[in-house]
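Going in written order, the chains are labelled A, B, C and D, and every chain counts its residues from 1.
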């Protein structure tokens, strides 16, 4: 394959980032079309000019059915993901889809079945796996530098809570936020989750509580291996985006600390001051957004397996559903209970 | 009071450390007698000479009944603590007792009742509260630098597992090891624990499993405030004694990292190397052993309240019992369930 | 100005980096032509296709005289810089020139005179000023967070020595390597250098010594303000590119530490291991290469002053000449002595 | 030797610290007498009671001539050191003497000659060699972890300037402050200093300038090996006592960072805050004060060589004299020039 030819569905915040990266930072790929909602087409056409992209359409099918397109990048709202996957698979397209496939288990399984049946590639947008720090953790695990995994600790805190409107449709903190951490735990554990305990509190924003969700949460995952992962989440860390991961095993421990804008330290009569973490996911994970699409493009061109599969999406969804149940019903929930 | 006069019961490892500190590093106190088991009296006499202590007896009552003694320091085996507390209280003595009062709830309550009735001071040996790092965390909490507490994270890992024989009588990992972390969580949370989830695995030493205990454990505490604490324990960290504590709240987070022998960093072609944590509790917490007795002596001399009370011992015991139950019965256990 | 139109002279390593950045990462600019040595034209044409640049010439004058071009980016060998500056200035072009203007004082002054006479903009490629860490240091100085400057400490060590052939024509360690540090010291000191002490040794590569140069060097600069800067250089640090800068003043100190590929720390029985610094200047300073040209393009479009001037180039050259003299003649050299 | 018996001359600040350490923290030694100036005898007697020391005299000879005393610890004012060494040596006593022997070269040499002639042990109080961090640096050097030494960097800054009255009699910044750093450089370099460049400024306290001294200084030492050491000093660092040392060589670099009261880090909306260094030498170097005397006592009991010799004192004095000359005469000074 000379250059992979892709169509992007959805040019919202993350879609725009992907298009920019595909045009400017990722060799071997060409964006040949963008689909956006009817109303947003003119603005998107204007915006796309800088990349020399002129093919902006309102109907995703125009891209999905285009025989010159190799792959579809799905960045539209979550509730459209499963159907777009099914359509793209039917059209024989490789698919990159933002996580999650769906908040609904049935829909997710239908989409995966369609992908399987069509025999197309599907890569899910668990971008954090592509962060250099967490990749290093994974390498250390694979190189057995940590030994058998005993404990995983993940801290994942946002700098500010989302609007309550978002919380109402997101499926809740475990579905929209912790799901990244569930995937990270699976990425590092080398074993599958069997049981989930989760507990939540409303300590930051009463509106979130009224919407039936939590803003502070703790999750414990038990793996088949006997290892355990502990995850703590907050919707609001005063000091910014806190993303730390630790793997501990029979031979030692490896920790990924936060990234900061600079390495500068100021010492004065009041103390020693250093930088807060990078503010939020765009700053913190920009490298990983490039890398995940780079890897997807490489898969297309080398006809190799995507590094994050639909099965990964399904497993994290199962854990998120179990966690949500655990926190709301105040009991330990086996993953097998929610997967039927 | 010129100098406080104390008698020490038990001159094993921790007893010897306390005697050394009382003689050499803590002003305002005099060790006027030591009680040890009959067989150990001669060796203890020999050892005590360096401090000019000649009064070494085999019967603790000889110290407890001595009218010239102000306070009794109890460092004998755990199963003797409660009775010695009761006798010392009856004799009107102030008491410093190594933790725990007892592994048994009934005995613990009897001892506390005796103390209350006699109106004597009782300080428990939760030495970690006196570690300068954790004290600083507490100060930051008290000064409201962290705001309302939302999450507490405690990592507590030993450098090597204890002998299986010890495990068999210790009451298990939550009773002998995590109990320190439960106290630390209470020390920082400014709220009481209402509910406990704990989970354990045997990943290090099968002998520990055969003895009915775990060597790797995770505990989650829910506080009345809605805050949560997550604690992870391992009986064996390849890199040494891992003792990190973090408090996270509405205004920010404060973390205490490990202490190391030096600040030296070596950079070479293989990477950047720095020190492992101080090996174990004697190295890590020596300052806190001095400070807790310093504070106890100050209480005696100023007639003020001890900084760690019998109630603190009771609460941590209740949490430890609930955690043990939770891990063995695989369910969430309210603290109220075990306190009846 | 819609988009600035630039021509690039020299498409060697740094030239290619600049062209890539101008095309992909810097908005508001268009590369309309490249000049390269006759022999390299075909390969450069091939390489330039990816950016859609077709205008590759062997005669720089073709770009300099092109009336549609706003600015010339000079990335050709050092001995061509001064003449190209003079020609570009005569043609009324704005100029970005890699450092140094020349190793020769007379030529440097002639070039600066031509720029002054023509009234064109000239920005020198002291890219480190644009590194986010050192920018932060400068901000802290400007915001008076450090107070009056008393001491500056710069460590600048390369991961491997250059070929001896390079050393023979580079002007020596103070002219080709320390000159960056001299500029950094000036960038932070808010005062001009009056006196230089430098001392060198040959401890790494005898060939460098035979070529009349040093591979290990120390420089001390005295500023008019009474502040002093100390710089240490090595041509070979086993652990990679060591680039640390510290400013110390009446109100405190600020330090910029090295940048590393990840924040990961591995703890095991052998110690605690973390990343070496990023390997060399391309990895370490890539952001600064983008930023310096971004700023240059902004200057063109806003008709503002370049952030690094020809005068900055001249001052650092004077210091480098004085340092070279000092090290070879083993005496303290006033800057005024070399500026005549 | 059962226990070494020592007499201490001078019970000012450092004398009191040594006596406390000898009595409480160093086994194998007994303080059998203290000499203090006539006027201070009663207060010293009162103070010494806590250690059970009753023999407090005003005439040092009473200790020096006491046949039951093995060693003399000299903590009296600098101008008395040389004579007390000479008298103690004549009496066959081992000697521990606070640095320096004298600010005067002739006196120093006379004292060393007396020591040599008498064949007694003499240890100088360069306590920093006994700091665990710098000991580790030395071990890394000895174990060849750093390879051949190329560069040494020492930062040594006090938290506040001394009284001008002290500066007037101290011999100046290089004699009273940097001399510790000169010794540290020699301790690590494995080569002797041949040449010194030093430069000073008055940036903190004009009174210091009027007294003919500097408050900010830079020194560069050249060693016979070709290695170089750079030292920067300030009489006032706003953030406290800054004591960092780095050794760089053919195989890598090793750095000792500052020590802090705690490891606690507070992150909030304003940034990440950590502890300032320990305030001053008493806090920072207390361990080293214990260790140097522990080693001295071990020498006495094992009849081994002291770890810091009179020759070490002489060499650092020579460097300090050369540095003072260099800074005042603004020229490079060979050590051989001042040693005649």
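Just so we're on the same page, contacts are C-beta pairs under 8 Å (C-beta built on N, C-alpha and C of every residue); 3 or more make two chains touch, one makes a residue touch a chain.
Quick caveat: nothing in here was measured; it's all calculated off a predicted structure.
More than half of the contact pairs of B-D, counted by residue number, reappear in one of B-C, C-D or A-C; that pair is A-C. Both copies, chain B and chain C, contribute mostly matching positions to the interface they share, with over half of the numbers common to the two. Averaged C-alpha coordinates put the centre of chain A at 40 Å from the centre of chain C.
Each chain gets one centre point, the mean of its Cα atoms, and the points for chain A and chain D are 58 Å apart.
The distance from the centre of chain A to the centre of chain B, with each centre set as the mean of the Cα atoms, comes to 42 Å.
Annotation for chain A: residues 237-239, 242, 251-253, 267-269 touch two or more other chains. Residues of chain B touching chain A in their complex: 147-148, 150-151, 153, 155, 157, 197, 199, 201-204, 216, 218, 220, 222, 226-228, 230, 232, 234, 236-239, 242, 248, 250-253, 330-332.
Only residues 24-25, 132-133, 136-137, 140, 145-146, 251-259, 261-269 of chain B touch chain D when the two sit together in their complex. Listed in rising order, the residues of chain A touching chain D in the complex are 237-239, 242, 267-276.
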